[in-house]
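I've put the structures underneath this note.
Shared between the two complexes below is chain A, which pairs with chain B and chain C, respectively.
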Partner chain A sequence: MKKQSKPRVAFFDFTDCEGCQLQFANMGQTFLELTNLVDIVSFREIMSEEGQDYDIAIVEGSITTDNDVTRIKKIREKAKVLVAFGSCATIAGVNGIKNRSSLELAKKRVYGDKAGTINSIKAMPLDAVVKVDYYILNCPPYIPEIIAVLKAILMGKPYPLPNYAVCVECKMNENVCRYEKDQECMGPVTRAGCNSWCINNGNRCYGCRGLVEKPASDAAKDILQKYGLKVEDILNSFTLYNDSMGEKYDQELK
Partner chain B sequence: MTKSSSKIDPQNVKVDVHYLTRVEGHGNIVVDVKEGKLTKCEFQVIESPRFFESMLVGRSIWEAQHLTSRICGICACGHTLASIKAAEDALGVTPSDEVVMLRKLLLYTEMLDSHILHIYILVAPDLLGVKSVVPLIKTHRPVIDMALRMKRMSDYGGEVLAGRHIHPISYVIGGLTQLPSREGLEKLYSLMLESRKDGEETVKIIKTLKFPEFQRPTQYMSLTSDEEYAMYDGDLTVNGKKSKVSDYRKLFMESVVDYSRAKISRINGQSYAVGALSRFNNNFDQLNKKAKAVAKELGLKAPCHNPYLNTAAQLVEWVHCLEESITILEKILKDGLKEDKVVVASWPKRSEIGKIKYKPNTGKGCVEVPRGSLFHEYTIDDTAHITAANCVIPTNQNMGNLEDDMRKIVPELLGKKTQEEITLSLEMLARAYDPCISCATHLLDVKFV
Partner chain C sequence: MKYASLKKSDLNDWLKHLQKKAKLYAPRKKENLFVFRPVKEVEDVCLEYIPTILPPKKYYFPQKEKLLKFSSQPFKTAKAIEKFDEFILFGVHTCDIAGIQCMDVAFRDAPEDPNYLNRKDKMTIIGIECLKYCDEYANCTSMGNHVPRGGYDLMMVDIGEKFIIHINSEKGERLVTKLDYIKEASEADMNALERVREAKKKIFKEEFTAALPKVYDAFDKRFASDVWKDVGRRCVACGNCTAVCPTCYCFDTADDMELSLNEGIRYRIWNSCQMDDFAKVAGGEDFRKGRDGRQRHRYYRKFKYPVDKYNRYFCTGCGRCTRTCMADISLIETVNSLLKEEAL
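On to the complex of A and B.
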């Protein structure tokens, strides 16, 4: 990226709800300020123009078809910087749930006799197929984090993700621990950075940011087991967003 | 990528809009006129399938709202409310009046949010002859600032009420996980009062824009209620005839077409419309005074048979929802909210999970979302886990109606307009429905015949 010319940004979406892109619209004036710093050349949800050249690709959604694989590889070839945007792109998001049952079963359940005509592969985050340079986590992305990552990109610096649990932020926000209230919560194993958004609003953590790198996941499972939850429910909690256990679970079911 | 020519040829027109822009999700418009005969007229939904039905099966009913709000980023609150209503119907839970009032308020703020996004960001560029809102940032900066201010107001509503507008946090089965803060509600109230003049300004702007002329009467379906302009609750009304929401499967028939991931819905064998224009046509009398005045100013009369004017109906609803929201907020700020009437946990207690036996049951819920009537239906077993799910999305219901509009309008434009102009007319028509294609493919029970 030359200093004189503004970097060109393109937005792309794969399998998802398009809420990530909407967070840009929800940034309001900040979004307008952003247009002073970069040229938005492609943003299908709000634009009819389509720029073919870009420096930064901001990509949301999971890879779920063969066509997606081809498309993301092409985007990777063109982009100098590739940003995985939101839970679906970074950890396969809720799409990962479909990996829990065999693909054949999922197709049959939804498309019946015509299951054979449906092209769908295992739901994957972008980095299962291409190299990703920056990650913006969360479902939906947390606006302060979007801005922080964009700043890092524009300054050409890396953006290291926090590697501690949501519990750390939650305690700073002085929330009463969900376990104290006889509820379950994914906070102990989920990567921080959202400022414990859901718990601040009286709900619990569902793990939309994925697990911390060296997960105390076993420890958290111990706690959950200590409080007498069914293994099935524990696995369900771990797989609403992060399906690392999905295939194993499916094997066990068989 | 639009292939088109700028010559007028009354005999041959080929429209192939690959990835319609400024809509939610991926759709194509394909029209083929050969030697004066319309041989192909399709709105193809090509979004990747997401298998929501399969995903819901086996999940706890308390996860349904969290999961199904992720069907769509733009009407996440609507999906949340339809999901909660279906879950409550299955579990036999009745929310308090305060909770219902707070739900209506959330639904209104989503209408405000989505309608303004559609009017300014998605439709206005067509009417102003530009490709997107981006050039308007330079040429129409005060208008864009105003649009963003209006958007920010409703978005803030979602934030105060539910923690955020996209995938709301605190609205769950039975109530809210915490009370919205008083300061937040006060700020929302003052933002809404300020928005009134932005609304008036918007009416002035929309009044000057010219919507394409086109007429095609169709069947208009929406919720209706004796009490109010129905959005959160009511009976389903079409052609003046009422049915219970629980009978929705008997009311319309869905069929699968091979070129699209979305099903086509029909009532009495004919296509029908849902959304702002349908609600306006069915429930005009119950609009509040200010909304009626705006309809008059815009020259919009019920029944209106021009689908392009769905955008104008959205503006009328924007004014209605703003005034209704202000009324609710005044009541809340005067009376306060009682924690014991509103606040519930998002999930059963850990110590009780697996110990309670539930009655296996099926629950159905319907709310009016910006694009029309949205249905969720879940069947649960005695552990309150979902065994079957179905969602019927407004955009799917509109798909057949849009194609019928296209079939009527293409011959009307032949010989008068260039292929390029016809393409734009069709794009604008599709956009007027405000299609939400990412929603539309999340059809949960597609069965091919």
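On to the complex of A and C.
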């Protein structure tokens, strides 16, 4: 039987820190095993060669310029499968903070008197511009989830994102609740799937995966009251990673 | 021998002895709370503890458990776990023992659950009776679980200098015989036990405003109560209440392939009626869309449905769901509100 050729994978980045791609390099042995299943044709963090033909595009970063819009559309045309990779690509991530003020003000803050010469648009996740087939959330992505999504792609299966809170996984890991320790934590409203990675390691949840589909904002207020936290505290964390939701919750919570 | 006695100063020696007999799990401190953990140093075992974050359920119904291993080319399946090992749960509160009894009822119901039953076969339970309340969240007295009601191999009671150990099974008896520091309880010991139990009656009072049959009636009649709307409004759907419940046994099953994409395992993982899409079926219909309906379901799964099906309440009174609730939803308050409404 003729051996089928392996799907070709290319990596792309938009506005971001490129830390997501680094997670592939951090996989160690597993990364080598992955190369048995796919051909990596373009990945500038780890190789010099660059192929122009690919089947699977793994794209990180947010769309923040008109040029980005053109470029992501071209990638979409070429790729059979497009994967939004990391918080910036899936929910606009930290870049979304830009959207909290007017574009003019944001540009002025960053570029000062050169603001007029810069092309900049609202920070957007990829799916605001093109169709996305698979989402790998998190900042940076959680390696076991990267693998799970890749396996789903290779088997041609969907990868349904969990629609429950990080608390579910956190309790299974039997962590002491951050609220018990007088810290605000985004766990109760953040979409699970990271196996409560941060809390397991003594940190708290910053909501880098975005919110669950129907977060209970009324109940969230009750939690704040119970633990004596200020709306401002939680808003700062709510919006660290997500503008579109942030804006909405800004209004709802106030 | 029916009752034995153990000096507290000999407890660590006994723990070391138990360590040699089987895998030993006991409560220990974790930050400001408690967890069951494998015992490495016997000094870490903590017998004065409020209910652990997760009940010992994780040892007989693990959070994520392999069921099958399989390969697709050629197609083959086999049990994922061939052999279960002997283990001892040490220092289990009577509420958590009640939880194990509930699990027994549910998992022995046809079709029997072999993974649970195989683990249960290897389990030895050494309980400890609470002599004071852990905190204000427990409702063990109303559930009748503040006192030992069977379901254990050995039960320890602290009478001051000593523990009195009730021997309730042959398996348990083997762990206390042929040890020079464990003796048959004397008459004085038994009198001391009697006094401790008497003193306890003054401390533990029913937490619900009515007896259990009335609670059942209230649930029977108050399905449409506003109490559920109120609870639903406050619920944030974090799923903490069901994760920590000693009698919640719902799980989901899924397959996980190796990177070879040929071999894989089928596993089960805790699932909960509090999750948004738990009751969603093919076609997108959701039978319990609201948080009110989902919270109500959780309560009915403790105070109504299992009573109808198994003649047993599935609330143990451990208080974990209240203790862990992000939104301050209290089981005692909810049940009492329902009782109050029913009395009107």
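We take it that the second predicted complex is superposed on the first by the 231 of 254 C-alpha atoms of A that agree within 3 Å, B and C clash if a C-alpha of one lies under 4 Å from a C-alpha of the other, contacts with A are read in each partner's own complex, and residues count from 1 in each chain.
Keep this in mind: a contact is a pair of C-beta atoms (placed from the backbone, for glycine too) under 8 Å apart; a residue touches a chain by one contact, two chains touch by 3 or more.
It should be emphasised that the depicted structure is a prediction, and the values quoted were computed from it without experimental measurement.
K.L.:
Consider chain A as the common anchor and indicate whether chain B and chain C clash or fit when overlaid.
P.N.:
With chain A as the common anchor, chain B and chain C both fit in the superposed model.
K.L.:
Touching A:K151 in the superposition: chain B (first), chain C (second), both, neither?
P.N.:
Only chain C is touched by A:K151; chain B is not.
K.L.:
Contacts for A:D53 in the overlay, against chain B (first) and chain C (second): which applies, first, second, both or neither?
P.N.:
In the superposition, A:D53 touches no partner, neither chain B nor chain C.
K.L.:
Take the Cα centre of chain A as the vertex and report the angle out to the centres of chain B and chain C, nearest 10 degrees.
P.N.:
For this superposed arrangement the angle is about 110 degrees.
K.L.:
Would you check which partner chain A:E174 touches, where first means chain B only, second means chain C only, and both and neither mean what they say?
P.N.:
A:E174 sits against chain C, while chain B stays out of touch.
K.L.:
Which partner chains sit in contact with A:D66 here, chain B, chain C, both or neither? Use first/second/both/neither.
P.N.:
A:D66 contacts neither chain B nor chain C.
K.L.:
I'd like to know which partner A:Q29 touches here: chain B for first, chain C for second, both or neither.
P.N.:
After superposition on chain A, A:Q29 lies in contact with chain B alone.
K.L.:
With the two complexes overlaid on chain A, what is the closest approach of chain B to chain C, counting only CA atoms, in Å?
P.N.:
Scanning every C-alpha pair, the shortest chain B to chain C distance is 10 Å.
K.L.:
Name the residues of chain A shared by its contacts with chain B and its contacts with chain C.
P.N.:
179, 181
K.L.:
With touch defined as at the start, can you tell me which chain B residues reach chain A in the complex?
P.N.:
1, 19, 21-25, 47-51, 53-55, 57-60, 63, 66-67, 70-74, 76, 117, 121-122, 125, 131-134, 137, 144-145, 148-149, 151-152, 155, 162-167, 169-170, 172, 176-178, 343, 345-347, 349-351, 353-354, 438, 444-448
K.L.:
Which of the residues in chain A come into contact with chain C in the complex?
P.N.:
30, 33-34, 36-37, 147-148, 151, 154-155, 163-165, 167-168, 171-172, 174-177, 179-181, 187-189, 212-216, 218-220, 222-223, 226
K.L.:
Across the complex, what residues on chain C touch chain A?
P.N.:
Residues of chain C touching chain A: 30-33, 35, 53-54, 58, 63-64, 233-240, 243-244, 256-257, 259, 261, 270, 272, 274-277, 291, 324, 326-328.
K.L.:
Which stretch or stretches of chain A touch chain B in the complex?
P.N.:
Touching chain B: residues 14-23, 25-26, 28-29, 31-32, 35, 40, 43-50, 64-65, 68, 93-95, 97-98, 100-101, 105-107, 109-114, 118, 120, 139-140, 179, 181-184, 197-198, 200-204, 206, 227-230, 233, 236, 240 of chain A.
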